[in-house]
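In structure tokens below, several structures.
Each of the next two complexes has chain A plus one more chain, namely chain B in the first and chain C in the second.
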Partner chain A sequence: MSMLVEMVGINKSFGATRVLSDVRFSLERGSVHALMGENGAGKSTLMRILAGVYQPTTGSVRLRGEDVSFKSPKEARLAGVSTVFQEFTLIPNLTVAENMFLGHEPRRKDGSIDSAEVVRRSRELLADVFPQLDATAIVDTLTVAQQQAVEIAKGLTSNADIFIFDEPTAALNSTDVAHLFKVIRDLKAQGKAVVYISHRMNEVFELCDVITVMKDGGWVKTAKAEDFNLHSLVATMVGRELQNFFPPRSQETGEPMLEVSGLKLHDGGASVAFSVRKGEIIGLAGLEGQGQREIMRSVVGVETARAVTVRRRAGGSAMSAVNVTSGFPNAIAAGIGFIPEDRKQEGLFLRLPIYDNIALGKQLNRNMASVAWRSVSKVREIIKSLRVAAADPGAPVGKLSGGNQQKVLLGRWLLSGVDILVIEEPTRGVDVGAKAEIYRLLRDFSDRGGAVIVSSREHAELIGLCDNILVVHDRKIVGQMPAADATEESILGTALGSSSAEDPRAVVH
Partner chain B sequence: MNIVTNFLKVPYRAGAIVLSIGTLLVILIAAVITLPGFLAPENLSNLLAQSTVLVISALGQTFVILTGGLDVSVGSIISVTTTIMTLDLPEVVRVFLCIAVAVAFGLANGYGVARLNVHPIIMTLATMGIGQGLALIILPIPGGRVPDWLSASVAGSVGPVPNSLFWLIAASLAAAWLLYRRPFGLYLFASGGNDFNARMNGVPVERTVIKAYVLSALFACAAGMFLAGRLASGDPKGGATFGIESVTAAALGGVHLAGGIGSILGTVVGAAILGIVNNVMNLANVSAFLQSVVKGLLLLALVVSQRRKTIGL
Partner chain C sequence: MTTSETKHETPPRALNARRAVSWVLGLPPAYYVLAILIAVAPLVSATLINPNYWFVILKQSAPLGIAVLAQSLVMRVRSIDLSVSGVFAFAIYFASSGFLKNYPPYVTVLMPIVVGLAVGLVNGVLVAYVRASAVISTLSVSAILIGVVQYMSAGRAPGSTPSWLRVLTNGNIHGLSYSVIVWLGVTVLVSLAFRYLIVGRYFRAVGDNPRAAETTGIPLARTIFVSHTLAGFLTGIAALVQVSALAVGTIKPGFDTFMNALAATILGGVTFGVDRGGVAGPFVAVVAFSFLFAMLTVFGIQEPGKLIVQGGIIALAAIIYGARTGRV
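And then the complex of A and B:
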């Protein structure tokens, strides 16, 4: 079989920083090729070169046997390379159809855009792959999964034969993932080539034929998927064996630290109640969008529920109420920290230095008129204890990798001295090595007498990390199980068993 | 079915246009009931003539606001145009000179914003100063004569229909054609919605932004022509208020200053609201100072009651 894409001797530098050195990569028709490596290994940069976003400093890219050099993503797309970027490239105020044909709209004779033709052809293309997607819907009103479908559909408009998926499942729930896999298998069956970048090992083994591993901007190994197993793949990626991916669970848990009761997300809804004990990590699991996010956010007062009572241990064994309905500052004052899923937008100040991002933890408890807290040595201590991979507290947080950014957020709350932590998607966009570290840091936090509430789309993560799992469905808690006994199937079964009338497939697009 | 769904979807990109139309209707009904002189033919044609400059300049402004920018130099371009029309040159040359000056201002604004990354307010503030100075150099005090055909085209009427209505309709149709019928229009919405992603999809964002500023200047030029015809003379400060009023009109019509959301109909409605409120308060002998307060409050009320939604993924 002939190679569809051959990239040889690719070097890429940004200024003085060399991010790719002598990388090779080739792609066969009718195959799914996984590109693996830790964050910063250069996977995305390599694929952006293939997609025309960057140009290689040296090296050659051959497409169907001919040398090509794409000057723009548009050129690459017209040549048949379609990319579903991790950050979507959609325009929010345009319709699905307009987005699909943007940059190469069918024209009428007078040069105007033939809108009717745009809609007609979009419908035709969507009918096969995403029949539920309305071509005239405004993209901003779609769910993440639907937006991703639009990204894929854009590739169909230019009849691409190479599809690059950069962490496509990071924001999808399991039913949407199943549909995406079906789409990818269909593409493969049509003889198209797919590049698949993901941090989720099970997906890679389920889906991919060939695996290429990169590390530190260089090529490490390319082999058939069946020649790898989970351990050898992780070892190749990090260059060492990972021991104890998840830290051991707590030996014993103390008295309740936080009690949530009478939490109603909407009028007439069921009320949610749960508690977390000292030293315990509990996880909120379930299908995406069933209310986990709203429950977490209501507990800390970032969102306002219809009704909620939050009480926390206030020294000794007395519980005292926390008035979260009047906002997050009350939760902070009561020693409850919150780490949002979207850390770039909601958690961090990307342009500010690491120092300020962490020191904020101290400022939050202080009077507005008081002098700003300042202690470089304290912050350095935190940075050191969390092993943030940047020695200089003056470096902007935006330059750090996902895992290190997450550590900075953790550092903020450690400095602030909270003993209850509410954290959404603790390892979204975090690479394998850093994941294990974050699990350990969370467990350290609980072992020192803290309590943690976690939500995650990756149920395997909750099973490994937590002590207890609460299954959320339809905005209420439908089940509770010790994490040690839980499986992904039992979580899903509990979630769906609660309302058998609901077809899980209905969630897909 | 298609028409229904399309109609339902238009408001999304057009912003709070329903709210603007509702406000316009309420003000119109209130004016008709409380002010007997409002529906008099001479008042209506006066209202139309007063509003036309505002409508035309606000239409141009809409293109710029859709990119997420702002053009405060509109007023100066109107003023300069009126003064150039009084110059002692062949009439055709005056017209071409006006257009050339407008294109030059538009290109300068667009180039500065799109290529040199100057903030739109700073960029157009600078050209506003230059334009104002230029107008005063050409014609230090109001006066001079504009070509007779220009005055006639503004003042006359075809049967009962005043000519200003034709100016207004022509400008609106031209703007609608550019925004809804040309690829430029789609690229304008795309650039304003998310300029980075638009670029990733091959949309010529810089060129689109430059075109928007050039169009804004050209519409201001047309507004200046109309004003010169209406005054039958030049006025070096005649356009000064339109830099801000054109933005107000667009905002009243539901055009988002963040870019990407807005419509031609909305801008026309917004300008109509502003024009009618001006007219009504003049008829009712409200003091100019109080008028200013009322217009400020109206703008606040309308913008605040819009459903705030930051666009962006």
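And then the complex of A and C:
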């Protein structure tokens, strides 16, 4: 096979900071190449050089055997490099077709845009790859997966033969992931080359032919995927053996901390009931979109269920009711915290300092006219104990990596002193090293007498982290199992075994 | 990998000089405008650099200054209050029409504040709880107030404002008008509240990300309601100061009041949800604005010309902010 891309001796510095040193990377036609490494390893920077966003300080980039030096992303795109970023670059109020040809629309003789031609050519291109995608649909009305399809289709319009996918599956459910994989395999079959960046190990092993590992801005290893296994790959990425990826489970759990009963998500639906013990982490598992999210949010009152009764232990052995139907502040007052899946949109104030984001924990449920004491030392203590990698608590939280942002949210609730934590997708967008830290922090929280409810799309994560797993299907709990005995198969089996056959999602890809 | 991480990779600005430069570049446009005006002033007219003249400018700026402070409150939580003109019109008409002659003086003093507060409450309910569009609901509240004034006055100019009230503008301590002292006092109070009270934290959080604020447990609707109510209260004070500055009542209180307020707020570094300018930014902007108008008057430029310049400045402020956000 011929080399499509060869990057040799790539160095890149921003001012005095060197972010890439002597990195090599090559890409063959008809292959899927995984680029792995922790956050900050330099994967994105390397790909941005290939995509023309940055220019290397030294080093050469060869495309189809010729030296190239892209001055802008547009040049790279015209040369056949298409990038699908995790955050899309689509214009929401334009149609699919308009987005696909944005910036290089076919023109009529008088210079005006030939709209009919735009639609016609879009349909032609979409027919091969995404036949179900309507070229005239407004992008804003599409699902995340469909928007991603548009993003990929944009690359097709410029007849790209190199596709860079930067964490494409972060926001997709399993059905959409399966479709994306099919598209990537089709691209591969057409002799195109794909660079795939993801933190999800199973995807990498399922999809990729070659794996390149980077660490701290340097190249570490390139080898065929079959020469790695999960353990060796993780070890290469973090540069050390991860002895305890998951912390040990709790030895014994105490009396119930939180009891949820009579939870109805819709009229006439089955009622959901479960409880969490002191020192316990329970996980809500199941196929995507079966009601896990709604159950979690109803328990804390961020969303309102048709009916729900939440009771928590209040000193001694008595349980007291928490009125979550009138909003989340009641749950906070009762010592229950909530961390949403979409940290950037729903959890953090990205432009505000790290300090402010954590200090909010002490400022909730307060009279607006009361004094907000600056508990600087306490916040610093928390930043230190959570090992948030930030020199300056005054820096905006948006500058932190995913793992550190998650720690900031944890810190907020630690400061507020809650002892029950409801957390969605605790490690979404978090790299391997930080994942282990988040798991340890959650386990520390429960070991100190707290209780945790967690949901995750990654069942392996729930199996490793939790004490007990509740399987949710069709907005009810269809099974419960100790996490130590659970496997991904048994969770799926429980979920699907319960469904009354007509559920189309039940077909596992 | 995430985009936040790539930001992580960009170099820390180690050099203090560079940090200072970027700090200066990040200042609200009002500071530049004022600096340029002060630099140019001696060339234009000696009067403009006379300290006494500055006291006059400050005195004339006081009503606008307080109104701008009100506007900046709601803009911090991504809302807007366009009812300033209505409150001013209503307060001026009632104070000068003679309706309140037979009541004790404090009724005349309280009237604008009560009107402002009431309008703020209505705006707050509409925007925060009914979730009506802030632009439309506050503008219609304003239109209703102006309509009421025009109906009651039947198009005739009312009488004069009570002369004893003018002491608020004309009285002074060492040349500094009482109205300016009120303006400064309110500004200091608001900035202290922002710095030290929970309400300041809630405003910042809601301004940065309303959705996150709600999911975090901050009472979103109540925060927006409070901002509108406080803004109404401050607008009332601004109206009182405005009444005291007028000798004769009018039913045309200047349609451009809210335009000026909006322009000064933006120039002062407060755009929707961003409060880079703090409380000082809008203050400087108001001074810069008044100074500019004074200078235009010296040049002999009339109202229409001022309006054009004013529009130009608003556009400029919008462009500067657009360019900045574009770069991020």
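Just so we're on the same page, the second predicted complex is superposed on the first by the 495 of 509 C-alpha atoms of A that agree within 3 Å, B and C clash if a C-alpha of one lies under 4 Å from a C-alpha of the other, contacts with A are read in each partner's own complex, and residues count from 1 in each chain.
Just so it is clear, contacts are C-beta pairs under 8 Å (C-beta built on N, C-alpha and C of every residue); 3 or more make two chains touch, one makes a residue touch a chain.
In this text the structure is predicted, and so the values were computed from the model without any measurement.
Chain B and chain C, once both complexes are superposed via chain A, clash.
Ranking chain B and chain C by residues of chain A touched puts C first. Once chain A of one complex is fitted onto chain A of the other, the partner contacts of A:Asp140 are limited to chain B, with no touch recorded for chain C. After overlaying the two complexes on the shared chain, residue contacts for A:Ile197 are found with chain C alone; chain B is out of touch. In the superposed model, A:Asp166 makes contact with chain C only, not with chain B. Looking at the shared chain after the overlay, A:Gly316 reaches neither chain B nor chain C.
Contacts of A:Pro73 after superposition on the shared chain: chain B is touched, whereas chain C is not. Judged by the touch definition given at the top, the superposed model places A:Leu350 against chain C, while chain B stays out of reach.
By the touch criterion defined above, A:Leu360 lies against chain C but remains apart from chain B after alignment on the C-alpha atoms of chain A. With both structures placed on the common chain, the touch criterion links A:Leu102 to chain B but leaves chain C unconnected. Chain A residues 87 lie at the interface with chain B in one structure and with chain C in the other. Contact residues of chain A toward chain B in the complex are 53, 72-74, 77, 87-95, 98-99, 102-105, 107, 111-113, 136-141, 147.
Residues 1-12, 14, 196-202, 204-205, 208-209, 211-219, 222-223, 226, 274 of chain C touch chain A in their complex. The residues of chain B lying in touch with chain A in their complex are 5-6, 9, 12-13, 181-183, 186, 189-190, 192-194, 197-198, 200-203, 260-261, 311-313. Partner chain C is touched in their complex by these residues of chain A: 13-17, 19, 39-40, 42-45, 48, 85-87, 166-167, 197, 302, 328-329, 331-332, 338, 340, 345-352, 356, 359-360, 363-372, 391, 398-402, 405, 412, 429, 431.
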